[in-house]
Amino acid sequence: MLEIKNVSTKYGHLPILMDVSISVARGETVCILGANGAGKTTLLKTIVGMVKPTAGEILFDNELISNLSPHQVVKSGIAICPEREGLFPKMSIESNLFLGAYYETDKNKIQQRFEEVSSIFPWIRRRLRQKAGTLSGGERKMLTLARALMSGPKLILMDEPSLGLAPATVIEVFNVIKKIVNDAQISILLIEQNAQKALDVAQRGYVLQKGSVILEGASKGLCNEDFVQRCYL
Amino acid sequence: MGSLILSQVFNAIMLACTLALIGIGFSLFFGVMDIVVFCLGDIAIASAFCILGITSLTGVYAALNGIFPMVVSNIILVICGGVFGAILVTVMYHTVVAPFEGKNINASLLSTVAAGYVIRELIGIFYPGGRDPQNFPNLLPTGYLFNNTMLSWRNIIIVGTTVLVLMLLYWFVNRTKAGISIQALSQNKEASIMIGIDWHKMVIVTFLIGGFLLGIAGFLTASYASTLRFDTGSMYGLLGFSVAVVGGLGSIYGALAGSLVIAFVEVFVTGFIPGGAAYSGVAGFLIVVLFIIFRPEGIIGEKSISKV
Amino acid sequence: MTNFLKKRSILILACVVVSLSLMSSFLLAGCSSKQSASAKTVKVAFIGPLTGPDASEVVGPKNCFDLAISQANASGKLPYQIQSVYYDDASNAGTAANDAQKIVSDPDIIAVTGFFNSAPCAAAIPIFKNAGIPLVIWGAISKDLTQAANMPYITRVVPTTFQEIQPMATMVTQTMGYKKWAVITSTSTYGQDTLAGFKAGIQGVPGVNIVSVDSIADGTTDFRPVVTKLKSEDIDAVFFGDNLTEAALAVRQMQELGITNVLLTGTSALTDPAYIKAAGTACEGMIVSQSGEDPTLLPNGQAFVAAYNAKYPQGSYGSYGEYAYDSTNIIIAALDGLGANPNPKDLATKIAAINYNGLLGTTTFDANGQTTDKLTTIMVVQDGQFISWDNSQYKTGVRKLPPV
Amino acid sequence: MDALKTLKTEKVGINFGGLKAVEKLDFEIGDETVGLIGPNGSGKTTFLNIISGIYKPSEGRVIFKGEELNSFTPDAIRKKGISRTFQTNRLCMNLSVIDNLLLGLYCEQKTSWWQAIFNRSLAMQEINRGIDKCFGAISVFNPEIVDRAYELISTIPLIDRRRIEIARAIVGRPKLLLLDEPTAGLNKEETHQMIEDITKIRDSGDRISIIIIEHDMSVISKISDRVVCLNAGQKIAEGSFEEVSQNENVCMAYLGG
Amino acid sequence: MAARLNDKITAALVALGICLLVYISLMSSLLVILIIVALLVVLLTYCEKTGLIDTVFQLMGKNTTLTSVIFGLFIISLPFLVKGNNDLLHIMIIAGIMGIVALGLNFQIGGIGQINFAPAVFYGVGAYTTAYLSVRLGVSPWLGTIAGVCLATLTGVIIGLPALKARGYYLALVTIALQTIFTLMIINIPAVGGPNGIPGIPYYQIFGYSLHSRVEVFGLTLPYQVNYLYLVYIVFALAIVAASRLFKSRYGIAWNAVDQDPVVAATQGINLTSIQLLSFCLGAAFAGMAGALYAHYTGFISNENFDFSQSLILICMVILGGSDNVPGVITGALLLTMIDQKLADYANYRLLMYGLVLIIILLVRSKGLLPKRIRIYGERDTGMSNGDAKLAAGAGGKR
């Protein structure tokens, strides 16, 4: 479904990603592990088209997307949950949600998706009018997830859903992610620092260090790898 | 005395109308792009010169009058001015704003100020007799309503147009997809891009709308003054920015409130303090300074100045 | 190693820069020495706002200056050709001071005529005075510019604001009896000067008082707050000390707000067809004072107008053209007889003592350097044209001015 | 007894528009290292901000060596001997390494601006002394940084930036050091190095009190003499790491049961 | 030893080259100046790429005595070099005066990173104070100058206080507003001449010798500008020394820290209020001094010398030259003054050209001709063991 082939990127002269190849199959959940500065967020931005790769190509549904601009990538069915500050703070929860379905013109479909989403996040329905800026950290994460779902995506890119959350809230967020994973229609590319949690929900994983993929494999296998154990658990 | 106050109130409202649109222009660009384009005043004046040029230098206006009734051709003229403003703003964006985006606030401040000088001087040099004050053609109907000298048709149309433009803008920003995207962009640029808003397109849309507003602002101001000078743009722009800040930078209604405050201060200082005319400018800017010191978020702005 | 290389390349670079610079400076020196080798020239400078807001007013005077110089050069009266040089003060005092510095540092410039605005003139006067260069003013009319202390270097051929406004002020207050006045003037030097001149002009006339004075910055376009205030004050007449554009706007806005039955008066700044064009019907019946007289009515005027129109078929000589023409001719007349190598100091003394019979009649300078020729005319706008008051239908009573 | 304690707070609290970020907090620290733990939003950083004067407490008192600090501005508090680091690295990106370090000596240096202009030798002496001190402070952690002293901060790797920030905080020999998540963003290996660095400060014999906020329990367990756990702005547990980690309240707050 | 001598020769050559460049641009027409500026931009970009610029700066820094002697000699000999063209001396004097104001303004723009759009107010207060005192009250020009500096410093407090509250665009607006208010007030107050300005300001006198008299040396008659040239450049040199010392002192670092992150700066023990006010007041004192020099040099001042466009030109000097870099600011002041004065010959196109030159230089080099540099302390070699290469890597300012 998503294929990243030998992608490299640079900021100025500084190489960030070097020859990275990653693939995600339909309905699969894949996680990418890596410390700060490993290039995780850059990878995500490269997929979306906010950063142009200097080499390599990215295919989505067998179509080249590495030369598209962000809005075209999103239109083709990829949704993103940004790392932090992903909401429009002065708008209501409702507006935030419906902005998720930016490219959907069919009102019935939007309504239908809203029903689905609000069944996953029941609290949203009760607080539609509240300003997004007044939500707590965990609620914001949930709302970005919900917004990503509103676009009816084929693939969701999640950038560090556990970042800056208290342990209790992290558990909550991952429970929601598990719910989404169970829906076989949606693939997920999960970028995480919290290796244990991430490998728990993902089927496969990659380890990114200093801009290159140094390890890949099924979650179970990765969990037992010595290196991962030492660095991330 | 009562009628005097009423008349001065009306003067202030008229002044506010000429300031409000340019203030909104400032707010719009600041909200979406997080930039202050200091040459907006000059762009508005340039648009007015465009209208003036069409009527007085070319035969287009006469030709239009031959085809359409007067009202229609006048409206076409105003639209021409708006389009000219929109084009000019877009050109400005690509030449003096975009290269400095996100890099250096000082450089973009200066480059837009310099661009203002360039626009002004280009008019002065290349418009025939551009450095002399020009009589602005009377495109708005003359005559009075109820034979009241305050309620001339021109004044009513100026107020009406301002209100209409404001309402259209309200509708656009809150009810259309493009408007909501612009709002989203102004609140969180990165997230907007991530949900698939075409940022470049929206920037262009913002600039086109803002530029069109400026064109109309220039037209209304020139009509109200019935004269046009090439060098008034900087002061007009400065007042526009002041209005936007006093009202609350980034807020459309704030610009309206701010323009009322500044207009009332200036008119009342002129009208009710003996010899006050010389000090009306001082009073207006003093208000701006006080607002920035004691209420930087403006009249109806929200208390977050972290943007700066 | 790299360090050493770098040092070397700097050395080379520095040498290249130095040698290049030396070469070009020699080149430059060659050029400039060629210039200074040419014959002794006598230059007369013209200074005024060639650009800026008042530029249009100076086209006429500049043409008249050129006309006078070319006439002098053609006549062959002087043993050399006069070269004219122009300096632009852009109506800005700082620029004028700069220009004056440049003028006094050019040893070829022997005399200066100029200044449309008073502030630039005031700025330049001390510089000319200190350098001993004579300046004949043709356009700046602030009273204090000519002083005994500045003699013999600073002289003026044009009447001051005070001299100009006096006759009109007396006429409208004493003869016609307008009592309650409002003044709308500018914050500029000119505005403040006319205000003082008007106040001096009406002083001592019983019963006349100024109800309100509003000084408004140049460039203002909205006079409605002021005009609205006047409406409630029940005035008889308004005096405008503004420049052309501002006065035209104020007059139009008065008409717009329905203030039509007051007398409008103004200064020579308004005696320009452009003013009537800008003010439209609102200025009908407005009385303005003007220094000088229509050249066609003057004894030597016909020749001047003919010569001017021959040289500049499509330009009017403006309100101050005659003065520029006369001031240049005064300099030329004074130069006559000073030999092939005139000295500015002698020239200044000669100018100050001159008795010149020219376009405007006989000009002599008083102890302050001010002309004794106080020719002024009162004009009135009739059917969209300035007509001399004496010839107008308003004087004969065919048309009525607003009631007192 | 008060005099023995370096810092003491009495019922300190702060409101942010109705939200009680910190509430009636009693806290004291002597010559020791105290770990401050608690879930996100429990008020740890807010508490540090109160101590360092960035926020004014809306109730209670902060007492440092017997002196009330409530009305002091951040710079005055720094001059009293409390210095701190920040959660996200906040060095001055437009300055070189050495300039950043010198900044830490600002309040210790005495040159006035006219001396800086007119008495060059005095000013240079002081700056040179300062540079020596700074190099001394930073070489404790990583002597290699000294070689890069004249480079911009933006070219320095993250772990060294943290070290520079900590060195900046201790170069002026404060009595109390506040560390806000010194290991955030570091990987395991770097975290180990950071723990060693902090231990060096603790054991340096300067009798410096340290308050350290940390999410990583391995850091807390190794460094701190005592642990205080906050939740929702209130202190819910206090004691040695073992005691606190077995506290039921703490488990509830932290691990969600 | 030989290397040391080599260094000295190179430094001297570079200094001579700079002097010649200044001289040529002074003597030549506008077009040549613009070509020189273009070449300068190319040269600087090349030097920065290869790291040469750092070596040059180091060389100049090590041989300050030698280079300053060369620059001093250049200024002293300038009156003889211009071949009696006093206009060029005038340009150099104005450039020096502008340079002093720009150095002061740099404390705000380069130091605490706040664009102050009202430097002409400080400049004007200095000029008006001394003019008022010496013309209306007959005070000696020297005393007037001191009073001007004091009052300008006080104005620094008045404009500095809002700057504590506002930043960025807001500060820009506040200072523009204050600048406009200042201009309007001058026009409206008759005591300071209103729109007429103050003419006839007395000239400086030293023991009865008026600086406004011509100088006779070696049988040559030199114009009075020579006196002022030397006076202004002595003050300018003092200002340069003061500014560069401040830049390297703890105050310079503290200013940069306040610019970058006020909260961090405060927690390092920096009193934000006093440090920001210091930058405004010192800047104002510099500008006040320059204003007084200007008033007593030209003998006439009016509101037009101190309006918004003047402020803008001053800001351009700092930003185009290179903010927070003393040589940069000096370059900016010299170049822009020359361009401005030469543009006077093309009066109708002056402002247009100005705007275009400004935009082009901003686009080509947005950090100015000579951007901010890393402070190098003294002769110490610590941290620079590998010398130039390392320094270059650090100072390049890769981001």
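Residue numbering begins at 1 within each chain, and the chains themselves are lettered A, B, C, D and E in the order written.
Just so we're on the same page, a residue touches a chain if its C-beta (ideal position, glycine included) is under 8 Å from a C-beta of that chain, and two chains touch if they have at least 3 such contacts.
Computed from a predicted structure; not experimentally measured.
Asks: Please report the smallest number of touch steps linking chain C to chain D.
Replies: The distance in steps between these two chains is 2.
Asks: As a test of understanding: of all chains, whose mean C-alpha position lies farthest from that of chain A?
Replies: Result for max centroid distance from chain A is chain C.
Asks: Let me spell it out: compute each chain's centre from its C-alpha atoms, then which one is farthest from chain B's centre?
Replies: Greatest centre separation from chain B goes to chain D.
Asks: Select, from B-C and D-E, the pair of chains that is joined by more C-beta pairs in contact.
Replies: D-E
Asks: Would you kindly tell me how far, in whole Å, the mean C-alpha position of chain E lies from that of chain B?
Replies: Computed from C-alpha means, the inter-chain centre distance equals 36 Å.
Asks: Would you kindly tell me how far, in whole Å, the mean C-alpha position of chain E lies from that of chain D?
Replies: Roughly 41 Å, centre to centre.
Asks: Pull out every residue in chain E that's touching 2 or more other chains.
Replies: In chain E, 184, 187-188, 348, 398-399 touch at least two other chains.
Asks: Residues of chain D that contact two or more other chains, please.
Replies: If we look for residues of chain D contacting two or more partner chains, we find none.
Asks: What residues in chain B touch two or more of the other chains?
Replies: Counting only residues that touch two or more other chains, chain B contributes 278, 281.
Asks: Using the touch rule from the top, collect the residues of chain E that touch chain C in their complex.
Replies: Contact set of chain E toward chain C: 6-7, 9-10, 13-14, 16-17, 20-21, 23-24, 27-28, 50-52, 55-56, 59, 83-87, 90, 184, 187-188, 190, 194-197, 199-200, 212, 223, 225, 298-300, 302, 304-305, 341, 344, 347-348, 387-389.
Asks: Inside the complex, what are the residues of chain E that reach chain D?
Replies: Residues of chain E touching chain D: 241-242, 245-246, 248-251, 253-254, 256-257, 259-261, 263-272, 278, 282, 372, 374-378, 380, 382-385, 390-391, 393-395, 397-399.
Asks: Which chain C residues qualify as touching chain E in the complex?
Replies: Interface residues on chain C, with respect to chain E: 2-3, 6-7, 9-11, 13-15, 17-18, 21-22, 24-25, 28, 32, 50-51, 88, 90, 92-95, 97-98, 101-102, 104-107, 118-119, 122-127, 130, 142, 187-189, 191-192, 215, 217.
Asks: So in the complex, the part of chain B that touches chain E is made up of which residues?
Replies: Its residues touching chain E are 30, 36, 95-96, 99-100, 103-107, 109-111, 113-118, 120-122, 124-125, 234, 238, 241-242, 245, 249, 278-279, 281-282, 285-286, 288-289, 292-293, 296, 305, 308.
Asks: Can you list the residues on chain D that touch chain E in the complex?
Replies: So the residues of chain D in touch with chain E come to 52-54, 73-76, 78-79, 83-84, 86, 90-96, 98-99, 102-107, 109, 111, 113, 116-117, 120, 123-124, 127-128, 130-131, 135, 146-152, 154-155, 168, 172.
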